[in-house]
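Structure below; questions to follow.
Which chain is which? They are A, B, C and D, in the order written, and residues in each are numbered from 1.
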């Protein structure tokens, strides 16, 4: 079953107004080529659902494509507060559903199981259930009488996820950070996968243990080399902190619109051409291939 | 952290009266060496919890070690009804908690998450909730008002599981059938692993994707080659149907006690010596190594 | 085409339900069902996504008694433990075809894999239903097959309801968040179908040469008998060839159609053959 | 031993909480916490089970800005997505040590990672707490650290309760099925501890050379001040050597102790170094 499409065909799978789950976490493995394509196509009015979001969600907000955001964190980490997220919330132009990070996983898990909710024990005296009351409820265990927290199922209309390799049928392999991408793929109504490389099914069968998203969950497969850039995609490339710092600086210097407009106006090939110089590619791949681990004597 | 013990030390981890989860499913990957050791040590009054049980549970019942059984199936498949299970239930000498197979997984999952229950949608008009009322309850979704089925958490005192290889710290790799062994390991209070082979941690790190039970879940590691025999352990050995048929025949011919007594009276090394002739070993490994797959043109 | 055995016709009827629109999971070793799934994968449903044990996206395999596990894992595309599989496929509305062969079924669609006689004091305690209650309730296409069609298996009322797909009406199912789909009973005589709790099983097709009276007389529950009943499709020569030459060269699918003693004899013969072939291969490998 | 920086003392204090009795999960990139976990693993807790991203049983790694992900995965013992990790470790009573560095904490133990000002109309919207509400509630040993100890961070009342471990009494926690364990606040001045909702934070130790008055004056909430307060242990020469030579040769742990502009300068310098080293390595490899 050939599910391969071009990046330019992403809009056949994501419509304005959709709820959209975006894979990756922190500065790793976000489907950035797809994020850029959404900006190119101007697919807006989105309800974005992230797990641990960063530049992916910040850019979509910056491009004016996000109506509503379900999240536990949006951060550029060492590189500062996420500028567009921060501004949109402070200006009151973004509907936010702030949910604790483990609860988001629980909500996706509920969606994957065709359940309207799943319980968890509790999250202490957090105020999040107070400000996001639609996501949390109390429930009593019918066996023990214990009071537990119920988390409402999260079922995105569509999920986009970046992986290392996939075959044309959508069997996806990952060898680095995968966040809650498998849970997201199970929960979503449709799943679009971008990958560093499309391979034959025989390649998948050679190491089935790394297949974290089986093909029956996937609707479309897009080949997008450096598709997580500037976030990492281990074992292919390390974190392009230089690019993220440049983004943070541009936003701090009032050049956010220019920066976003540039991304929206060029093709993905042109983006790679512009941003990934030979030296940059050498640096990012070298970082990924030369891990600095420390010898210990334990087991 | 060295968790390696000898098979003979199993009784330090399993006490009479314990609830005991046994890994494997159908005719695959049951921890049979450990089952035999329980028979040798006569550790009885057990509450055995199986997923899809076969000769493992039948032999323990035959040895008089099982007080109570939580199960969804006990079968010798093509080789007939499980003789001791059948007799014990017909004679009323075994307390049974019959639970549907998926619900057992859900119950273990609840245990793993430190929850007293988990919901599932329903199991139709089955009579199992009527005959096993402690395991099932009704619950209402606090968000949608839907009526759902609640499954009580299953938390065995101890689990025994057979895997392909493990390091001394208990990081376990599997490349064949693993049933719900990972869920069982997460749910149980203590976890004892038997393995075909104990390896260095470096060997585990070479292919981390096949590590389905990480060491932090494991309390003891036992090297037990052919430890799933006569059930399969892919990719090492195929199913010893000849031995299972012999067991079924012995039971049918009124020789069950002799058969069980033999298993209980000999060491594991003696068992291997007696049961695994050179030809038998050649046959079982050849079966595992020469899979008969059929070419198709699909992907 | 007339050179086929009844179990081959049943295999082909089951195979016709398998396509690439969902995931089909192999349960306990049931040769008839396994053969049907493999036949589908070798013919009209090459992209059918099959799961065996914990092997997700398993290849088509030859049927035999001792090597099926190894073959299922050779060429698998992913490994999942039962947890994610049952949650995602069984309960997650992705289960396509399920074959079950219980000891009894009745006119409500309830089936019994637990006991003959009273549950608490059974005459015969059987293995239990494994995951069949959930599978029967949650999958799309439910096929209940029997090696014989008589009033001892198609009964007025099962001794115990191991499982029962309920409700059956498509609208009621969709409202409850369940996949819609009928129950079909496939036997040596006919195919029966039920998709409404308020109505009896209906004779969908008669197997070639079977008279409607024979079906009614051998069924322990009420049947709806349409005026025009079609005939179950016969296997094509290609299907028969694939079954006999490649999928099931040792004819394991006969198993469900034999009495206890014949089954034992058949198992002994099959195992002798598997032993001999494995030993020969092993010696070749040593020699090579 | 006096040749150490305050952040090194804090790293060593955090490291002392890490052992092999549970699982410690690395969260957002927080150099101080990362350095502490690595130090533990290189000294007294070589069998400590660490998780980074989805790498279960990760090795000890050198701290830097661009290569930590790759190092974490190199030598990992298993891969789990967030689902099993959060269920088994975070919620499954296996979480050992958590370090969090919020914008504010108050005397109840509540912390804020959401906003300065009103939640619905914030002056500054911050990133949000990620998994910290659950982690703070479910792990055994909670360490809240700050690069500075003042009344802007240790406040009377947080602007928003992103999370709050509750209850704190061991008996109440065990009754609710939660792990018992105190909250500790680790700052450049002192270590504060709280294990009872009804009582204020208590000064557990003062850092060398710090006077109790300085702590009280810079804390926005009430403190219990025992008559005899010990001194926070100073780093050993071995610890300092490991930190400077192996774990954190580029001194990333200073990060939390700098103002915004100095942070930016530091990041630029660090990144220049990482670029130069990576490019040099790349050219060597091409040359080789």
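In this section, a residue touches a chain if its C-beta (ideal position, glycine included) is under 8 Å from a C-beta of that chain, and two chains touch if they have at least 3 such contacts.
Quick caveat: nothing in here was measured; it's all calculated off a predicted structure.
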Chains touching both chain A and chain C: B
Write down the chain pair with more C-beta contact pairs when B-C is set against B-D. B-C
Which chain has its C-alpha centre farthest away from the C-alpha centre of chain C? D
Averaged-CA centre spacing for the pair chain C and chain B, given as whole angstrom: 25
How many angstrom between the C-alpha centroids of chain B and chain A? 38
Approximately how many whole Å separate the CA-defined centres of chain C and chain D? 56
Here the gap between chain B and chain D, centre to centre from mean Cα coordinates and rounded to Å, is 41
Multi-chain contact sites of chain B, meaning residues that touch two or more partners: 1, 109, 113-115, 120-121, 146, 169, 175, 182, 201, 209-210, 212, 298-299
Residues of chain C whose C-beta touches two or more other chains: 20, 47, 55, 75, 79, 87, 91, 177
Full set of chain pairs in contact is A-B, A-C, A-D, B-C, B-D
Touching residues of chain D toward chain B in the complex: what are they? 20, 22-23, 47, 49, 55-57, 75-80, 84, 87-88, 91-94, 177
Chain B residues within the chain A interface of the complex: 1-2, 113-121, 137-139, 141-144, 146, 148, 150, 152, 167-169, 175, 201, 207, 209-210, 298-299
What residues of chain A sit close enough to touch chain D in their complex? 25-28, 51-52, 71-75, 77-79, 81-82, 85-86, 89-90, 92, 98, 100-103, 105-106, 108-109, 120-128, 131, 146, 174-183, 210, 212, 232, 234-235, 238-242, 245, 279, 282-299
Would you mind writing out the residues of chain B in touch with chain D in their complex? 1, 109, 112-115, 169, 171, 182, 186, 201, 204-205, 208-209, 211-212, 214-217
Along chain D, where are the residues that touch chain A in the complex? 20, 28-29, 38, 41-42, 45-48, 53-55, 59-62, 64-67, 69-71, 73-75, 79, 81-83, 86-87, 90-91, 108, 110, 114-115, 119-138, 160-166, 176-178, 246-247, 255, 263, 267-268, 271, 274-275, 278-279, 281-283, 285
